[in-house]
Amino acid sequence: MRQVIVAHAHCDLYCGVYDPAQAKIEAMSVLKSAQKYQDSNDEVFRDRALLIKEERAELVKHHLSVLWTDFFTADHRKEFEDLDDLFWRAIHQAGEAKKSADPAEGQKLVDLIDEIADIFWQTEKAKDMGVYPPS
Amino acid sequence: MRQVIVAHAHCDLYCGVYDPAQAKIEAMSVLKSAQKYQDSNDEVFRDRALLIKEERAELVKHHLSVLWTDFFTADHRKEFEDLDDLFWRAIHQAGEAKKSADPAEGQKLVDLIDEIADIFWQTEKAKDMGVYPPS
Amino acid sequence: MRQVIVAHAHCDLYCGVYDPAQAKIEAMSVLKSAQKYQDSNDEVFRDRALLIKEERAELVKHHLSVLWTDFFTADHRKEFEDLDDLFWRAIHQAGEAKKSADPAEGQKLVDLIDEIADIFWQTEKAKDMGVYPPS
Amino acid sequence: MRQVIVAHAHCDLYCGVYDPAQAKIEAMSVLKSAQKYQDSNDEVFRDRALLIKEERAELVKHHLSVLWTDFFTADHRKEFEDLDDLFWRAIHQAGEAKKSADPAEGQKLVDLIDEIADIFWQTEKAKDMGVYPPS
Amino acid sequence: MRQVIVAHAHCDLYCGVYDPAQAKIEAMSVLKSAQKYQDSNDEVFRDRALLIKEERAELVKHHLSVLWTDFFTADHRKEFEDLDDLFWRAIHQAGEAKKSADPAEGQKLVDLIDEIADIFWQTEKAKDMGVYPPS
Amino acid sequence: MRQVIVAHAHCDLYCGVYDPAQAKIEAMSVLKSAQKYQDSNDEVFRDRALLIKEERAELVKHHLSVLWTDFFTADHRKEFEDLDDLFWRAIHQAGEAKKSADPAEGQKLVDLIDEIADIFWQTEKAKDMGVYPPS
């Protein structure tokens, strides 16, 4: 009996607060770090730009994984047929942007997160749990 | 000479992307975790709600500290005279919300972050570096 | 030109070492922590069991996400048609096992990871990069 | 009623153990990492020196933030009028030392932490909670 | 009385799941990262190889420390007389592999972990708690 | 040739700054968290006390492991014959203190760290690298 309560209660807890803004902000950092890396000739600065890009890209992966399996439900995945593929490409792209110092890889990542955000804000669930709806 | 370049370049890197949205989203989780804790009688669920609240409140502290010393400059602190006090109260409140299971403590935290966001969006710097401006 | 080299080189780096053993070992900890929670009446022990289960389940999510987007390629996803669905269910189940103190949820997680391991070891890539092939 | 107990009890918990030694030790690592970076011509070594400096500077920021909002009270901030400014400069300087490979930036950080330690040990609270009082 | 229960219960919890596979997999990454570093001329790639090697070596240290003090008992240390020395050399070697870009240092680390695994699988305790016994 | 430079240089880097104060301060937190747990009847507070104790004990393990394999050399281990045993007992005791809510377990941990500190300050190496020598 407790497990039933738990399952229900935890679904609630899980679904507390979600927003693609978290992934978007980190992805913007990935993009800008790559741009700054390319614009600089300073060894220390370039080193740090790669370091920060690495961390930010890892955070993007984390935030996207949470959206995919905690926010989006089995029903959402039926409704939005290419959702799994979109998430695979976005999380994979976070890896590409991590590996590369080419700002174009960061831009692709930002664009994929924008696609995810479009779907996110089409759901009813997002109306309760999102924080920064598109104006 | 290199140090000069570094200093300048790093200031740029530092100022890559900032947004109070990061602190706000985590603070919303703190608030909702406390509400869910109060609404539940399930031991496992209540335990996890406190655990999640703890982590989220710690992230709020981190995001606020970054805004205070990395985004806001010495000039901003002159322009907005109570900025230091506002940040002390907000980061301190994140600690209060961490300690307490009273949703009112989480709400106070959210309100203080909103005050910080108001100031953030009054700066020129935010126009370049912010991601989710108020609509 | 450099980017081309980078892209190739980094693919190599990415593909260094992978093994579902990492996710499996953490999932076994999730399962055993739930069992020990149920078998104990000690408040401190039960608290720690939930805490450890939480951390281990989080690590399972991370290891699975790495396998899905770093190890498995677009071609693998065509070859093994339900790979995306299997990963969604496994990572989602890690969340269920995190939320619940029911060992059955941990067992379901372990079983899903075994399904993933079966596919992993069918790939050519695994022969170079896996460490603990099935005996 | 419980909240009252909580608030009080948590204040106690919060105030368990504090010592500027934690920030000082990490700041010494920041300083020495910059010195060693400057003294070396080895690519691998220099890379690691920057990496370690980055981590240590981040830990300094964390330890200082804890002192500012968890140890020091509103009353302390009235008694020591430039406390907020001192903390802003110290945490900001940790960022400068992170960005730069110039040991002088690390030395400035150490000096600011020494100023904080002087104030820390003037408080009554430190007598109960500090671990390494000045001899 | 409770403490007795706790102590016993926690020993059980502690001894949930252990396997030298965790240290071995990370050590293989350390070795391969050093090899890839040596094989590449790309600045970004080499930088990332060192970064990943650093993290992986740190994880090896963690996994080895857990085996030494959580899995192996005082009795094991009497039975296997050079166990402490073997662990000191292995954890120290993880530091050497972290510091160096020479794959030979990574290979030494892998070899020492294999020695530990040989002893691990000689214990009765491993039969219950190990996951990947030698085939 | 480079490896030789690296090895030497890295030894220097490694040996930058060490002090048993780091382990001691965290161990004091472990002890005080257990005391506060025992003194409180508040569910939320007791939960947090265990959580904080868990984290602090983990940090103690980390700091002790660093001292054992990074600071202390093979020669030190010959000079101080029971050094390995002392470290095993101290790191193992950090696990005991983690598992238990009995302040006596935390006190044992603090005492073992004091024994380590006594040896630490007997070394020449500590004179250069220690920060808080006994007054």
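All chains are identified by letter, namely A, B, C, D, E and F, in their written order; residue positions are counted from 1 within each chain.
Going forward, a contact is a pair of C-beta atoms (placed from the backbone, for glycine too) under 8 Å apart; a residue touches a chain by one contact, two chains touch by 3 or more.
Since the model is a prediction, treat every value here as computed from it, not as a measurement.
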Subject >> Those chains which touch chain F and also touch chain B >> reply: C, D
Subject >> chain E and chain D - chains in contact with each >> reply: A, F
Original post:
To bring chain D onto chain F by a C-alpha fit, how many degrees must it turn, rounded to the nearest 5?
Top reply: 180
Subject >> Fraction-based call for chain E against chain C, same above half, different below >> reply: same
Original post:
Which whole number of Å gives the spacing of the CA centres of chain A and chain B?
Top reply: 20
**OP:** Give, as an integer number of Å, the spacing between the C-alpha centres of chain E and chain B.
**Re:** 38
Subject >> Centre-of-Cα separation between chain C and chain B, whole angstrom >> reply: 32
Subject >> Multi-chain contact sites of chain F, meaning residues that touch two or more partners >> reply: 6, 10, 13, 44-45, 47-48, 51, 99-101
Original post:
Quick one: do these chains touch in a line, a ring, a star, all-to-all (complete), or other?
Top reply: other
Subject >> Chain-chain contacts as defined at top >> reply: A-B, A-C, A-D, A-E, B-C, B-D, B-F, C-E, C-F, D-E, D-F, E-F
Original post:
Across the complex, what residues on chain D touch chain B?
Top reply: 3, 6-7, 10-11, 13-14, 61-62, 65, 68-70, 77, 84-85, 88, 91-92, 94-96, 99-102
Original post:
Which part of chain A faces chain E closely enough to touch in the complex?
Top reply: 46-47, 50-51, 54, 98-101
Original post:
Which of the residues in chain A end up touching chain B in this complex?
Top reply: 2, 5-6, 9-10, 12-13, 16-17, 19, 21-22, 24-25, 28-29, 32-33, 36, 40-42, 44-45, 48-49, 52, 131-132, 135
Original post:
Where on chain F is chain B touching in the complex?
Top reply: 43-45, 47-48, 51
